[in-house]
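Quick one: the structure is below, and I'll ask about it shortly.
Which chain is which? They are A, B, C, D, E and F, in the order written, and residues in each are numbered from 1.
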Amino acid sequence: MEFSFSASATKILTTTGFSQLAIGDTLMILVACLLIYLAIWKKFEPLLLLPIGFGCLLANIPMSMMANTDAGGLLNFFYQGVKHEVLPPLIFLGVGALTDFGPLLANPTTLLLGAAAQVGVYITLIGAVLLGFNMHEASAIGIIGGADGPTSIFIASKLAPHLLAPIAVAAYSYMALVPLIQPPIMRLLTTEDERKIKMEQLQPISQTVKIVFPVVVTIVCCLMLPGVTPLLGMLMLGNLFRESGVTARLHETAETHLINIVTILLALAVGSSMTADSFLRLETLKIIVLGLLAFSIATAGGLVFGKIMCKATGGKVNPLIGSAGVSAVPMAARVSQKVGSEADSSNFLLMHAMGPNVAGVIGSAVAAGVFISLFGDVPAPEPHAAIADIVGTVEPGIRAAISQVADIAAKAH
Amino acid sequence: MEFSFSASATKILTTTGFSQLAIGDTLMILVACLLIYLAIWKKFEPLLLLPIGFGCLLANIPMSMMANTDAGGLLNFFYQGVKHEVLPPLIFLGVGALTDFGPLLANPTTLLLGAAAQVGVYITLIGAVLLGFNMHEASAIGIIGGADGPTSIFIASKLAPHLLAPIAVAAYSYMALVPLIQPPIMRLLTTEDERKIKMEQLQPISQTVKIVFPVVVTIVCCLMLPGVTPLLGMLMLGNLFRESGVTARLHETAETHLINIVTILLALAVGSSMTADSFLRLETLKIIVLGLLAFSIATAGGLVFGKIMCKATGGKVNPLIGSAGVSAVPMAARVSQKVGSEADSSNFLLMHAMGPNVAGVIGSAVAAGVFISLFGDVPAPEPHAAIADIVGTVEPGIRAAISQVADIAAKAH
Amino acid sequence: MEFSFSASATKILTTTGFSQLAIGDTLMILVACLLIYLAIWKKFEPLLLLPIGFGCLLANIPMSMMANTDAGGLLNFFYQGVKHEVLPPLIFLGVGALTDFGPLLANPTTLLLGAAAQVGVYITLIGAVLLGFNMHEASAIGIIGGADGPTSIFIASKLAPHLLAPIAVAAYSYMALVPLIQPPIMRLLTTEDERKIKMEQLQPISQTVKIVFPVVVTIVCCLMLPGVTPLLGMLMLGNLFRESGVTARLHETAETHLINIVTILLALAVGSSMTADSFLRLETLKIIVLGLLAFSIATAGGLVFGKIMCKATGGKVNPLIGSAGVSAVPMAARVSQKVGSEADSSNFLLMHAMGPNVAGVIGSAVAAGVFISLFGDVPAPEPHAAIADIVGTVEPGIRAAISQVADIAAKAH
Amino acid sequence: MEASFLAAVKISILAIVVIFTVLVILIFTIKLLVKLIPYVAPPPAPPRHQTASSTSSDQDEHVAAITATLAIHLGKSPNEFRIVNISQS
Amino acid sequence: MEASFLAAVKISILAIVVIFTVLVILIFTIKLLVKLIPYVAPPPAPPRHQTASSTSSDQDEHVAAITATLAIHLGKSPNEFRIVNISQS
Amino acid sequence: MEASFLAAVKISILAIVVIFTVLVILIFTIKLLVKLIPYVAPPPAPPRHQTASSTSSDQDEHVAAITATLAIHLGKSPNEFRIVNISQS
């Protein structure tokens, strides 16, 4: 080995990130800083957007090997957990452990509000198709309207992995914007009188029902839409840990350190997919517009169905709880409470809105299940991919071995 | 892409789990619900049997891809941790961190009770051979008598992976039934006078001995039976974290969130192996019967040796502590306490029974080590398996690549 | 299957570890016990050296399959996390979450002390080359002078994996010995008057600066030396979790259970690489000598630069804080405090020494980055390795499949 | 384009029908469940006893003592709150 | 069948012999250990000081203090919160 | 040997130059940052209110109150310990 001073110095200079910093990288670093800023100073879903932004920052430092496509890199390693759909279900395990389905059980018809809010998913799907996306992509974009991060990531990584980054960012950003997006729509679509409706106190629910509920949901929904089992099953297992009363240890771990660890890995992995190549595209802009559409229409869908329920029950249901059907737990329910109390300061809608709010989580999961039933049976998204492509993200050692075997095989021809 | 309404609707209908729900699946879902019921309402080892039951529920929803054999599925991913024997040792790390070997050190001869209880393992092995199991299977079934979940799972996944599900379920179920199974046997095999024997207070033990003990056990036992090192070594490391006094951070993590996380993954993986194919067999019934035999004879073995020690010490040892030698920590020790206090309400056997109780854990691990020494050198359980079989559980991308290479190689012939 | 008594007994005897126990194994078991002793009774970095020592113990029990090279073994599995450079960055995530960069921000010129202490790295590198190591090995040995465990492990596993065990052990041992190694050097290189210098109170720092700092460091340093991004980026992300004030959940997990879990896995993996083959070599002795040299010269480098800063500022800087530039947080800073208060009992240097102390972490990371820029572009350390070697540590199932394919391909010739 | 638009509309209608079907089934299941297993108000909390058992860990005793203190002081049932973890470093 | 029965019996006897051998060796090792390193009663606990270092019973006091504080500070239902973790830094 | 010794020396000098360059740039960046964003002493804590609902700032108040009491109770600085988390159930 020879080390001339100038050669070594040149090597260090040519291996700096600066030497390869393209405009795209710089823009993405700015995008990363924007996300970090929004997370910290605007409190936009900081638990997700802060590590997503930081992952984006790391991924866009040239030659850092931190993009999701850099085989052997650290964030590529975490990304395998997204690609193989392991991390979103583990997040849902924690979400289930954190969720109280009591208000939903006390008023099960609010499940319909969670269903109605899914209208946002499908209007957006149609919009996406009109904007030129194919059906798989449009489905993944539409699910942003479900207002559920893990569900969006799960569906995007399954149906349109190349759009994972903008979909995840749009989903979490708009979730953070729920307190800004929803109130004008809520005021527009409801009358003052409707907003003043006070709802009856919720019935108490037997603990046994709370325990049986997650098992029943799993059997009913997963039997009908088996594709959503990893998500919905883990959500319900987490809830069973919570309600059973005999697994306090597992419940505590699922709702604290396990979900936190998985959140760190998942968010970094999503951030690592925000490379200039995949993000600085016209599609991203379209997805951002469509995401806003999705949230708005989901809100409207919930409200309109809330008005129908109001009519049908002779005014016992305040339509404002309908907007909580988008999920975005618990922000959307708080927005219902806030808008309701603006109309009448003695109006407490929070607990009533929690029913459709958690119903929205189940609703989106069911919507995801429909997509998987329709489109999820494509084993390889790129049916004609060569070996090199398939093996692209595989562990380097294995890859090298396979390549060598392929070489030998090729020579044997 | 064409989407006719009826075609899409048909597709959704044909991809529901209902469309493929066989009688076996339905029965297994009922078995799952039974396990969940026993875990929650009968408090049968809920930390294990609740997630095992839920894993079984998920695995038996048709087309959910949640069985342990569904390559690429979520629970198949967790199952790799059982198959490659990573999760049981990590559980044992936590068990070691939770275990106080002080009572054993104060009265080391109680190790013999932990040895004597292993008689249950071997009588069961012989019974299993008589019922038609081969020697590997019989060994894995016999170890149920060791009354140690992780050890049973470790040995089953090594020697008879196709029997993992019934063995794990039997092991944990009978462990939960220890307070029902043991007392009649204890009353039958001991006299009223023996049960009234009060034991001398245990000597205090130097902290240094407690620290040196796990290192000594590791060196002595693992050198003699190297196959058990992953289990016994991790158990002793956890105990060293506990006793050393200088690794409080690691000790706390090992005994709380780490063991909890691993428990969730392990139990779901075990549950995912409870498919109709593997569970609804005559073998399962046989294993359930043999498991009961194993526990009963282990209890009897401990008691009989307790009586021998009682005689040999001139009545200083209460034979009731012998039944605690089955392990099932700390239930078996509590049973000794309870049966002893029934004979004389001023008789406190709990601490004395903790000695044989933790000795039972070491005894079973040693028994497992003997099996591994005898049978553990079989590199491939299916010696003539084709590539397709070996690769069965491998990550789909790699599998695809290997298949393609194999095709090329085949064509080159 | 035939089981003759004598054959089975012979089998058990021949599969005991005793039957294969070589002198090397015995010596390594003694080394392991020594490490455990030092960790517990001498409090030598017990969180690392206790599990490293125990991993060494397990790895050297013959036929236990616990060495890092035993494919399919438990510790080999953990070792993949070291080999693929996943675990050290996760440790650094926790270190960042635990580190307060406030004192450094209040007095940024102390970064120069962290730079000056890296002199130890390079003198040692030169010494290592003189002792016959090649440049990659010498770099990995030199970085011991950085006094940063994860950085040393990261660089060793990248540039000289065969030297990982002695480098890691030397790094952590000397870190534990900082309170013994540094004071004589400090007293030798400083005058009584210098040691009595009292420093002005540190300025308070805006929380905003503390938040922006990790982002700025990541952009500046990682853009210049992209190879260090996994380490430095994760360190800074952990610090951002800490300072942002909006990610308390993630911060708590990163600094407690996540870092603890990763520490257990990393330390066991490092211990598993301490086999007789890799450790009982002349190189190990050389590395131990060079490591001491590295720490001593790093201390001296920091002190000398501290004296320069003292002169340059007209006596406002106490040179004793220079020795803290080696990192070894927070021991080195405490040593500065202690030696300072010996000269004047009213002299409180601790907070002032924390600046160079955390600067030392950044300094070593930057030094590591330079090595990666210079030498890190070697994709395969053994360029001519046969398939068998490359695949050596791969999962057995895959390995079997690849071998079979290779056979077919070979036959097709 | 028109074809895919039509396909998207068809898919959407179909999906919404499926979602409402699934959730309506769920609603009726829940209603049945709530009817079958009605809520029973728990009996008033029994007076607390100080047991002499030394088998549970110190931690448990601390928690029990704290819980009792809080309960007495605040006039609340001890079942209404719980101290999950008290850790030492 | 008879052959495998005999094999199983042989294996069982062999295994039990091995287990007892290993554990008897362990018993003597422990006895040796306990003899070599006898228990020494710790000196009587010094009177309690309020120091910076935290002991187990300090933790107890912390919790008591927190309990009192909460009772005073919260003019509301304390069942709305729980103390998850108190860690020292 | 001499060749590699020379190479090692060259590498070392180069590396130290790079390290100092990077860290000097970092120093100036920090100094700029500290100048741009000066420290502002926080305003004195506003008086407390007892509200019915618990918000984020209530949480802070709880922590502050508990910390203060502990500090008094133990006779040590509030900076020496920290309450990590109070979660609402």
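Details
Please note the rule applied: a residue touches a chain if its C-beta (ideal position, glycine included) is under 8 Å from a C-beta of that chain, and two chains touch if they have at least 3 such contacts.
Since the model is a prediction, treat every value here as computed from it, not as a measurement.
Between subunit B and subunit E, the least number of touch steps comes to 1.
Ranking every chain by how far its Cα centroid lies from the centroid of subunit E, the top place goes to A.
Here A-F and C-F were compared by C-beta pairs in contact; the pair with more is C-F.
Most remote chain with respect to subunit F, judged by CA-atom centres, is B. Chain centres here are Cα means. That of subunit A falls 24 Å from that of subunit D. Subunit A and subunit C have CA centres that are 37 Å apart. Rounded to a whole number, the gap between the C-alpha centres of subunit C and subunit E is 31 angstrom.
Residue positions 1, 3, 8, 12, 134-135, 224-225, 252, 256-257, 370, 374, 398, 402, 405, 409, 412 of subunit A are each in touch with at least two other chains. Looking at subunit F, residues 4, 7, 11, 14, 18, 84-85, 89 sit in touch with two or more other chains. Touching subunit B in their complex are the following residues of subunit E: 1, 4-5, 7-9, 11-16, 18-20, 22-27, 29-31, 33-34, 37-41.
Note for the complex: subunit A touches subunit B at residues 84-86, 89, 93, 134-135, 211, 215, 218-219, 222-227, 229-230, 233-234, 237, 240-241, 244-247, 249-250, 252-254, 256-258, 370, 373-374, 377, 379-380, 387, 390-391, 393-394, 398, 402, 405-406, 409-410, 412-413. Contact residues of subunit F toward subunit A in the complex are 3-4, 6-7, 10-11, 14, 18.
Chain contact summary for the complex, subunit A toward subunit C: residues 1, 3, 8, 11-12, 15-18, 21, 29, 33, 36, 39-40, 43, 46-47, 50-51, 54, 57-58, 61-66, 72-74, 77, 256-257, 260-261, 263-264, 268, 395-398, 400-402, 404-405, 408-409, 411-412. For subunit A in complex with subunit F, the residues that touch the partner chain are 1-5, 8-9, 12.
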